[in-house]
Structure formats: C-alpha cells, structure tokens
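Heads up, the next two complexes both have chain A, just with different partners, chain B and then chain C.
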Partner chain A sequence: MLEIINDYWLFFLIGQYPHGPLGGLAGTLLLATICLILALPCSILIAIGRTGKNRFWRGVTFVIVYVMRGTPFLMIIFWAHFLGPIIFGTSIGAFWVMVIALVLYESAYLAEVIRAGIESLPYGQTEAAKAMGFSRTKTMILIVLPQVMYNSFPALLSQFVSIIKETSLGFVIGVHEFTFAASQVNSILLVKPVEIYLILGLTFFIVCFTFTSAARWLERRIGKSQGVLPA
Partner chain B sequence: MSFESIAVLQEPYLSWLLQGLSLTFALFIFSWTIAFVLGFLLLLMRMSPIKVIAWIPAAYIELARNIPLLVQIMFWYFAVPMLLPDFLQKALNRWDSGFILAGLALGFCMAAYFSESFRSGVRSINNTQVEASRALGFSFLRTMQYIVFPQALRATIPLIMNNTLLLFKNTSIAMAIGVHELMYQVLSINNDTFRTFEIFFVATIVYLFFSILIMIAGEFAERWAKKSRRASNA
Partner chain C sequence: MITVENVNKSFGKLRALQDISGNFPKGTVTVVCGPSGSGKSTLIRTLNRLEEIDSGRITIDGRDIYEPNINLDQFRMSLGFVFQQFNLFPHLSVLDNITLAPRRLKGIARDEAEQMASDLLRRVKLSGKEHEYPESLSGGQAQRVAIVRCLAMQPKIMLFDEPTSALDPEMISEVLDVMGDLASEGMTMVCVTHEMGFARSVANSIWFLEDGQKHGEFPVDDFFQGTTDPRISLFLSHLNRE
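On to the complex of A and B.
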C-alpha cells in the first residue's frame, strides 16, 4: 500500500495535471467548490420562492425541488451529458457537464436547507423590519438572509460533504476526479484493487470527516451563541 | 404524441426496460432488508453499556457516511472478492456477483443511515420512561421491546421513509459496475436507438413515479405519527 502511495501520490493528488486536465483529489475539491459557489445563489432564489407569497413562484419552485429530489443524480448527470452539447451548440467537456448537473441537483437540496432556516427565524424579525419601513426586498437582503446564512452555515457545510461525495459519480461520464484517477491506477496495476480502493476510500473519509466534524463543532458553537442548548 | 408513437416503448425495448425495472426492484428490496436489519443491529450495539461494543458501530457509521457510495460499491466489487476464500469467490461467480455485491454495498452503506434514524427516534423518548420501566422490573431488552421501540417508531418512520427514497435513487449507481438495472438498460436502449430524449424522458418519469410514491407514503406516515401521538397524549 505504501509502495502505491509512493509511486502514484502525485497522480492521486492532481491527476495528469501539467500534461492534461486537473484531476485527482484536487479535481474533486475544485469541482465541489465551484458547484457550491454556483449553487448557493440559485438555492437562495429557490428558497425565497418557496417561502414567498406569490403562488406562481411557489408552485414553480415546489416542482423544481421535488423533481430534483425524486430523480436519481445519475439521471441528471446523463441529462446534462446528452443535452448539454445540444443546448450550448458545442461540446463543453465532462467537467462542466458535471458542474451543471451538480448545480441543478444541489440547488434543490441547498434550497431546502435555506428554507428551513428562513422558516425557523422568528417572524418578529420580518414584522419589526416592516414596522421600521423596510421594503420586502430590503427586509430579505438586510434582515432575514444574513441571519439565515449564519444559522444554517453548519447545515450548508454538511451539504458540502454531500457535494464532495457526489462528485465521485462524475466517474461514469469520465470527469477527471479522484475516483477516476484511482480506477486508472487500478487498470495500470491490475492486481492491487484492495490497496487502491482502500487508499481511495480512506482519503475520501479523511476529507469528508474533517468537514463533517467542523460542521458539528460549528453547530454546537452557533447553538450556544444563541443561548440554545445543543441537542 | 400518442403512447404508441414512443419508439422506445415498443418491443424489444419495452422488455429491456421492464427487465431493468424488475432488477432495480430486486436490488432495492434486497438492500433495503439488509439496511433495515443491520441498521437495527448497529443501534443495539451502540446502546450497549460496554464502551468498546458501542464504539464499533459509531466508527462504522462515520466511515459509511463519509465515503461516497460509488467508492463503497467499487470497493465491494473489485476488492472484497480478493479478500474472500476461494470457495466463496467461486460461489459468487456462479451467481450474478455484480448484483449481490452491489446489493451488499448498498445495504451496508444505507444501514448507517437507517441506524442514525433509529437512534434519533430512540433519543426522542424521555429517559424517565426507561428508568420507570427498569424500576418496574423490565430487563433492558424488554424495556426496549415494550416501552421504547413502540414509541420511537413514530418519530422514526418519516426518517426511514426519507432513507428509503435515498436508497431507491441510489440503486441506479449499481450501473457503474455493470448491474443491468433500469439506468443501465436506459443507456443500452439509448446506444441502440439514439432516441436520447425519449428514453431519458420515459426513465425520468418512471423514477419520479416511484420516488413520489415513497414521498407520499412518507407524508402519510408523518401525519399518522402526529395523530397517534396526539391520541396517546390525551
């Protein structure tokens, strides 16, 4: 096992990078970060639509969330994989196909996290803002969302772990990421699957568990700062 | 567009789809059973007063929840057979090894999620209930059987339905190791006909249909749980 790490650590870490696309663990983390950054604004819009008064937008966002939650992520990846080139007119590459699929899918899940945050915020905040003469948009941007983002930060962080885990499915359309790198090493060595998949699994575990633990620690801290006892 | 004009719903593709769907169901039921039973065993171990025994499921749950399911399936498919003794390897190859190993991987992974759901149900029961029943002379297992689990079930069922939905969707990942379930068949039909839009549309509707059934069942379970809690409090 140490021998494999010694020979292939750079490949596991960045893939074929200088001579090819960035891959390996760096590719996985890059993909997950881009996805989080792009999905967050989308999910905030969906959450506002879900909690808003406008029936039309409530209906639209409800359908988006439930369709995304009811469809396997692989299905969405293949939709993006086959429809992406048709919509954009050219091939956009597996990496960006995966970004599109992840943003579509994760926006729905992140929206549910943010919606829960909006709904758990005492309504007095909105009423007070209204009494002070804030418009509905200003109330949302200046009063509600900052508190919601702060309170749901731990939940967003654990959703980031889900995103990291989901990037591994990019393997099926050939995205250069960590799982892809490991299976390439596996097809070079052929006789060492136990060691290679242990390295792959344990590395994923170390990365994801770090974020999971951070999320738990923040949850306790944020809970305490508001005088709420940790559950 | 009438129903007959959808080319991918004509033979032979219709039977490909149906075969895929039946294998998806078989995989779903197989891994759901493993997840449920193992999740329950993990919960029992976790509640043990002996620290070491309680620590094992806790560590396993962290492992299973922080490693991508695809990686776990690949580990089961590529690595686990190498670790098995010869006669078991042969037995696996005689049957559909991809199906069995994917089912085991799914079941073992989802057991961690199921176990966490069970545990949050148990934790929703006030500890005074346990103390009272122990004071009345119930043993630990009998306390669980008669006092804690029946009450915990209410808080647990909605969570379990959510995990069931997750499990159902995740059966599609088995295609990565070549199990001929619905997703795999959909891609084969796509390669055969190039009617991408049609076949994906049909498959998405099929998946959505069963997902929504599970979601509706979850919604009903939640309502039932709320109602029966109110009734028992009155």
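On to the complex of A and C.
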C-alpha cells in the first residue's frame, strides 16, 4: 500500500494536472469550494423567501427545498447531465454539470441551516431595528444575516463536509475528482483494488474528520459566547 | 404632542386596549402603570406602530400616524423606543450600535456619527466603552447604551417599556438618572414603569391602566396622595409590599 502511495501520491492529489484537468483530492476540494461559494447566496435567498411574509415566495421556496430534499442526489446529477446540454445548447463538461447539480441540491440543505439561524435569532433584534426605522431589507442585511452567518458557521462547515462527500458521486459522470483518480489508478494496477480504495477511504475520512472537528470546536466557542449575551 | 383618541386593540377575543383616549403633551413625562397584563406594553407599542390598532386615532403633532401614505420607517426614526431587554445588536461594538442608524438611515458620515456617539456616551457616563461589545456590558450599561442609540437619531419623543425591569436592583438608578436628565432637557417621554420613585420625582402625570381600560390620568401629586380609586390604592399597596 505504501508502494502505491509512493508511486501515485501526486496523481491522487491533483489527478492528471498539468497534462489534463485538475483532479484528485485537489479537484474534489475545488469542486466542493466552488459549490459552497455559489450555493451560499442561493441558499440565503431561499431562506429569506422561506421566512418572509410574501406567500408566493414562501410557496416557491418551500417547493424548491422539498423537491431537492426529497430527491436522491444521483437523480439530480443525471438531470443536470442530460438537461444541461439541452438548456445551454452545448456540452458544458462534467465538472460544471456536477457544480450545477451540487449547487441545486446543497442550496436546499444550506437554506434550511440558514432558515434555522434566522428563526432562532431573538425577536427583539428585528423588533429593535424596526422601531429604529430600518426597512425589512436593511434589517436583514445589517442586523439579521451577519448574526445568522456567524452563529451558523459551524453548521455550514458541517454541511461543507457533506458536500465533499457528495463530490465523489461525480464519478458516475466522469468528473475529475478524488474517487475518479482512485479508479484510474485501479485500472492501471488492476490487482490492488482493496489497497487503493482503502487509501481513498482513509483520506476522505481524515479530511472530513478534520473539518467536522473544527466545526464542533467552533460550535462550542460560539455557543459559549452566546451564553452570556444579554437577551 | 401625542393624541390618542378612542383606541381599541384586541388579540383574538382578548380586548387588550378598550377605548383609550388622552394626550401626551410636548415636553412632559407621562408614566403609564398598572398591573401585569393591563395593556401597558400594547399601548406604548401602538404609539410607534409596533402594534397596529383596530380602531380609533393616534396623531403626533397633528399628523395621523395611520394615514395611508405615511412612510413608516421615516416616521419611526423620529421616535426612540427603549425595550425591557435592551435589544442591543450583539455583533456590533457599542460605537457601531449607536452609529448604525444615523449612518445607514440618515447618511451621516462615519466621523461625525462617531463624534456624536462619543459625546452621548460621555453624557451617560460610559466614555471609554466605545469598542466593547454588548456581551461585556452590565445590564445597566447596556440599557444606557440602548438609550443613547435612540438619542443618536435625535428623536422628538422617547418611549420606554419597563426599561429597568430586567436590571439588578443596584443598576436601576443609573438608568433612571439618565432618564431624569433627559426629562429635564425637555424631552417628551412616555414611560411604562413600576418605579414609583421615578414617577414621583420626574413625571408630570400618571396613567393607570387595568384590563385594557384607562382608569384615569392623574397629576403626580394626586396619584400618590391617596386617590379615591380603590383599584389604585390596591395597586400601590401591592407595589410597596414588594
């Protein structure tokens, strides 16, 4: 197993890069990060719609969240894979298909995290803002969201771990990411699948465990500072 | 001057305010008191439309605050509202808590807003707290910051809903002192409070509410020198016993 790591560590890390697209673990993290960056604004908008007064947007965002949460992720990847070219008129490549699928799917989950954050904020915060003359939009941007993003940071980090794990499903449409790199190594060596997938599994575990621990540590810290907030 | 005419407000079947009328004249301090659940908060919250009335009329300086084309946010900027729970913004420093509204709602430059905030903090004896966060303040300090946060908008009226009820006893007076100073500067104030010492020394008149009804409005001296109303005597004796 050490031998495999010794020979193929660079391939596991960055895939065929620079002779091909960036892949391997770097590809996985890139995919997950891009997804998080794009999904966050979407999820904030969905969460605002879900918690807002407007019935129409409440309905629309409710449907989005429930459809996405009620559908197996693999199905969404297939939709994006087959509908992407129809909508965009041209093939956009497996990587971006996967980005679209992940953003669609994760926006719904992240939106629920943010919605919970909005709803758990003491009502006095928005009421004080209202009494001072802040519009609903300004209250959201200046007072609610900064607190929600801070308080929800650990939960968002945990969700990032889910995203990292979900990227491995990109394998089925040939996205250059970590699992794909492992399978390529496997098809070169042919006789060492156990070792190769053990390396894959262990690395996933270490990466995810690191983020999860960070999330838990932050949760305790943020939880503590909140405990002494007046009201 | 705030004028309240025949105001009614119900929560479902519960009639929280029944036919309330009266004036809060300019430059005076009115204390609103009464037993728990009598509608004091509801009344004071209708004055800046945190609570909407069902019928009646409320005017401020002659202007109906329920007229359809009123700019509600603009209107609320002219009134300060102090909550029992302070409601400071925990993610902002004391300075930013105070300057947020002047800067974002009135477009006042940061320097100018911060200068004003520091001056106000000095007036409430909180110089040097500019860069602290609300979580590190005591209750009395937090409430004084909350008052300053309102004053930074230069309101013409200040509304207080039990501003000292969440405070430890030793901190009550530091907040009442600030309110007393404000009154002596001629601020129009409506205060829901059970601090009868404050009422006696600062207020011009006292409203007594019970079960959503206004049981009279008294010049301060009359109120304390044994009114004929048994409900008020009972209320006062309950307070004294606490």
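Structure notes:
Heads up, the rule we're going with is that the second predicted complex is superposed on the first by the 227 of 231 C-alpha atoms of A that agree within 3 Å, B and C clash if a C-alpha of one lies under 4 Å from a C-alpha of the other, contacts with A are read in each partner's own complex, and residues count from 1 in each chain.
Operating definition for what follows: a residue touches a chain if its C-beta (ideal position, glycine included) is under 8 Å from a C-beta of that chain, and two chains touch if they have at least 3 such contacts.
Because the structure is predicted, anything quoted here is derived from the model rather than measured.
Contacts of A:L169 after superposition: chain B is touched, whereas chain C is not reached.
Of the two partner chains placed around the shared chain by superposition, neither chain B nor chain C is touched by A:I87. Of the two partner chains placed around the shared chain by superposition, chain B is the only one that A:V161 touches, whereas chain C remains out of contact.
Of the two partner chains, chain B is the only one that A:F73 touches; chain C does not reach it.
The partner of chain A that touches more of its residues, comparing chain B with chain C, is B.
Once the two complexes are overlaid on the shared chain, A:Y150 sits against chain C while remaining clear of chain B.
Of the two partner chains, chain B is the only one touched by A:T179; chain C is not. The touching residues of chain A, when paired with chain B in their complex, are 66-67, 69-75, 78-79, 82-83, 161, 164-169, 171-172, 179, 183, 186, 193-194, 196-198, 200-201, 204-205, 208-209, 212. For chain C in complex with chain A, the residues that touch the partner chain are 48, 50, 73-77, 79, 81, 83, 85-91, 100-101, 104-105, 134-135, 137, 139, 142, 149-150, 153, 166. By the touch criterion stated above, chain A contacts chain C in their complex at residues 122, 124-125, 127-128, 130-135, 138, 142-143, 146-147, 150, 225-226, 228-231. Listed in rising order, the residues of chain B touching chain A in the complex are 62-63, 65-72, 74-75, 78-79, 82-83, 165, 169-173, 175-176, 183, 186-187, 190, 196-197, 200, 203-204, 207-208, 211-212, 215.
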